[in-house]
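Every chain is named by a letter (A, B, C and D) in the order it is written, and numbering of its residues begins at 1.
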Amino acid sequence: METMTVNSLDSATVVRWMQHCAETYQQHKDELTALDAAIGDADHGANMARGFTAVQGKLDGLKDKDIGAIFKGVAMTLISTVGGASGPLYGTFFLQAASGANGKTSLTQEEVAADFAAGLKGLMSRGKAVVGEKTMVDALVPALDALKPVANDTLAAALDRAIAAARKGADSTVPMVAKKGRASYLGERSAGHMDPGCLSSVLLLEALKQALPSG
Amino acid sequence: METMTVNSLDSATVVRWMQHCAETYQQHKDELTALDAAIGDADHGANMARGFTAVQGKLDGLKDKDIGAIFKGVAMTLISTVGGASGPLYGTFFLQAASGANGKTSLTQEEVAADFAAGLKGLMSRGKAVVGEKTMVDALVPALDALKPVANDTLAAALDRAIAAARKGADSTVPMVAKKGRASYLGERSAGHMDPGCLSSVLLLEALKQALPSG
Amino acid sequence: MKKLINSPENVVHEALEGMVAAHADLIKVQFDPTFIMRADAPVKNKVAIISGGGSGHEPMHGGFVGRGMLDAACPGAVFTSPTPDQMQAATKAVDSGKGTLLIVKNYTGDVMNFELAADLVRADGGQVESVIIDDDVAVKDSTWTAGRRGVGATILAEKICGAAAEAGQSLAEVRDLCQKVNAQGRSMGMALTSCTVPHVGKPTFDLPEDEIEFGVGIHGEPGRTRMKLKPADEIVEMLMEPIISDLPYKSGDEVLLFVNGLGGTPQIELYIIYRKALEVAKRAGLKVTRNLVGSYITSLEMAGTSITLLKLDHQLTPLWDAPVLTSALRWGL
Amino acid sequence: MKKLINSPENVVHEALEGMVAAHADLIKVQFDPTFIMRADAPVKNKVAIISGGGSGHEPMHGGFVGRGMLDAACPGAVFTSPTPDQMQAATKAVDSGKGTLLIVKNYTGDVMNFELAADLVRADGGQVESVIIDDDVAVKDSTWTAGRRGVGATILAEKICGAAAEAGQSLAEVRDLCQKVNAQGRSMGMALTSCTVPHVGKPTFDLPEDEIEFGVGIHGEPGRTRMKLKPADEIVEMLMEPIISDLPYKSGDEVLLFVNGLGGTPQIELYIIYRKALEVAKRAGLKVTRNLVGSYITSLEMAGTSITLLKLDHQLTPLWDAPVLTSALRWGL
């Protein structure tokens, strides 16, 4: 059992996280697709749902492994089922996050923050996008920044900050003209819509928050 | 100059008839096409307009000829410009009507009736349709029957009878299930619409009436 | 109406200008009267084969003019049969003295115009035969009606007779062969959407978002019945049933399965149709030994499909396989 | 949504089943991971050429698998790039030891997935090169953006590199050739209608009855600008201008003119487009010595067209003319 003040992430929670992801992307499929229809090609919802449904199918085989192995399994599944831009990006995120979690069945809050930062670094070097180009990076950079522990922190509190920062980052993409990804083909016409990948990033963090043992 | 009671048809009137045809089919193009769209392939208006516009273009070269030659010129023009079912049918009508008018610059009312009857016979043997099969034959048979001279007749009066009979015949096609032409492919679904060829036949007779010297 | 055209009047003429510019190695085009002919016609010692019909069914027929298939094609206005002077002029241009076969789809207009054309050619001393294709099982056949329409089997007849003519068969032989293909071929089609005839400017029929027309032809004419949209597999069952239950297929027969798109249907859907049609054919004991999948006989931009089955045999299969070199069909050359 | 499908999830799988059944003489299909390969692959002593991308663009790429063109094609979900394991497995299946060229259209997803695939292949000890096609002048090119999309030139590159590989050229030579085709090719497209992605169920964008999207890609993404419908000739002028004014054409150049339909556009309209495009090319002093007219790179049932110009020369023309035997393109065999 977890203590009341959760400040670590264990394998079981990671497995629950992935289960919540499968549910949330299924639920928000149409919303993500609608955002992608406006400035992309109307597949982001289907891509994320397909990928995390496949991840869900792999969880039985992963659930007794260490977090590094679980992240690696998630990464490989996303890479081989999502396709599009988001597949390699989220896949790389988990692949890079896996390195620091190898052999560990529990991560401290500090380790979570460092691990996710490594994941984000991988994602950004794969996609070559920086903040302000209207991609998921606009949600993830401030979010993972907010995840860093502060005094008297809990993982739950840190995640609340991260989710808020991610939502703010997502909102900030609305007026932006896209410089990366499919939306950039629209030029000025890409302004006025939220980047779909930002929403899927927010959902990813929310699913983790939900997966934390209540306390 | 014509006398007050017109009971013959001369070359000049035939030429005017053809001019009125070109105008009337242009005017009623959409109406004919709408009827053909319901139970056919939406081209009867365009077919008739194209054909009689081409006839109009030939009139300068025909206007000094005898009626047989004019009818033959009209026939060949319709055959080579209309296409579809109506082209060979109206073309054959004028071709057969031409035989009795060869060398004549004026036809008596009796001759008109006999000539048109010959035209109709040709049309019917080309199309192999009889009354009741939802084709132009349903307008033309009663109309040309009504054209036959009666006591104290004029051509104008005969044409009024013919037009009324043609209209009645056209109306009679509304409930019919088509047995000939493209509408027959619809089976029972062809019922409830007037045959487009009936309307073009009515217009043909009305154009002749209009062409008669006023008196 | 949204079309990539300049004006409804010029559609056919401009398209033919573009077509001949694109395929000058294969075809020539004549205007007034209008026809498309093989670049190397007349071909010595070969029966000439001519077909024609309204435009709007491309690639039929112009796309099938070339070695091993048609010597000439006569295009009418959109959905309107060509006029006899076109076929007369085409015959004059391509007949090498061995006679001409006219392949005519069974529509009243086409039949009458080709009949008149045959009369004209004969009056000029030409030797001409006509075969009327009527393979559409959507239409009840009866001597009291206009009979069945000619649809998909037309292309198969053109290919097979073209090969026979190329092989030196006589006019009578090629005519008999054409009749055989027609007798052994059956088709059925359905539409998801109407098409818009350029000079009309609006769809020929209105079809609600959840309904389809069953038993359509290729001129935007409504079909036999309207029904709710169904999954592709059910639609295929409904298309195949009347084809197979009609003459002349029996278990063990070798057949050619032709899945055709009506113009606005993407190829990915045609393959889904083909997959199921093959399954249904197999279930009926038919051996699908040849196939054709693509949009070959269309109805402008109509979305929909038609299926044609042709019973093959030792005579027809090699003629189907024989080389063909046209803008729409080519193999072996 | 009106489509001839059974369920959005099964579209690609069922279509591939139908496709391989129809073309068993030319291709084989593997599932999980999914790819289409030449029936006779691996071909000894030949560089393997693999392309891939989202489905919904048929016949691209599966229709170009066969002798003289692609060794394998990796289809993703509709409008979604394939995953690296597909390219990895395809490479394993078709590489004869002479190395593999990956032809990739410039979309972020495709680029990253093919990049990952190349990493995987190299990790397995395979020799692999990638060329990214980015010929779409509708998109402003800049190192600060995702760059131009890959569209029509992709097919021309596949054909030309396929011929070079067939002729025994090395991996480096075929890669350089592919880069040359890309450097000498330019495209631009426009849409009359949107398309409907099966799993979405409604049109990606709404377009009023009198408006068109200009500068569209092939994924139903909106174009650069929306404008009133215009006559075909004006649309062609507007498509050709940015193509010709961009690099690298000059008066006297020989070019290949490729007029492509986006899926729902009838062939009669493509020929009208071709006619005018030819005129505009001539006016610019270009000699159109080769052409391709048809729906080869599509966006489901979208109505619209794209035009591609490729500058030819003594190296490219014979490679274009070389024999090809695929389900969508075939000549010389």
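Methods note: a contact is a pair of C-beta atoms (placed from the backbone, for glycine too) under 8 Å apart; a residue touches a chain by one contact, two chains touch by 3 or more.
Nothing here was measured: the structure is a model prediction, and the numbers come from that model.
Shared contact partners of chain B and chain C do not exist in this assembly.
With chains reduced to the mean position of their C-alpha atoms, the one farthest from chain C is A. Between chain A and chain B, the centres computed from C-alpha atoms are 76 Å apart.
A straight line joining the Cα centres of chain A and chain D is 32 Å long.
Chain B and chain D have Cα centroids separated by 55 Å.
Put simply, the C-alpha centre of chain C and that of chain D have 29 angstrom between them.
Residue positions of chain C touching 2 or more other chains: none. The set of chain B residues touching two or more other chains is empty. Interchain contacts link the chains end to end along an open line, per the touch definition above.
Under the contact rule defined at the top, the touching pairs of chains are A-D, B-C, C-D. Here chain A touches chain D in the complex through residues 33, 37, 39-43, 46-47, 50, 79-89, 91, 126-127, 179-182, 184-187, 189, going by the rule given at the top. Note for the complex: chain C touches chain D at residues 2-7, 11-12, 14-19, 21-22, 55-56, 58-59, 63, 192-193, 209-210, 212, 229, 231-233, 235, 263-276, 278, 291, 293, 298, 300-301, 303-305, 330-331, 333. Those residues of chain C lying in contact with chain B across their complex are 33, 54, 76-85, 107-109, 112-113, 115-116, 138-140, 144-146, 149, 197, 199-200, 204-205, 217, 219-222, 224-225.
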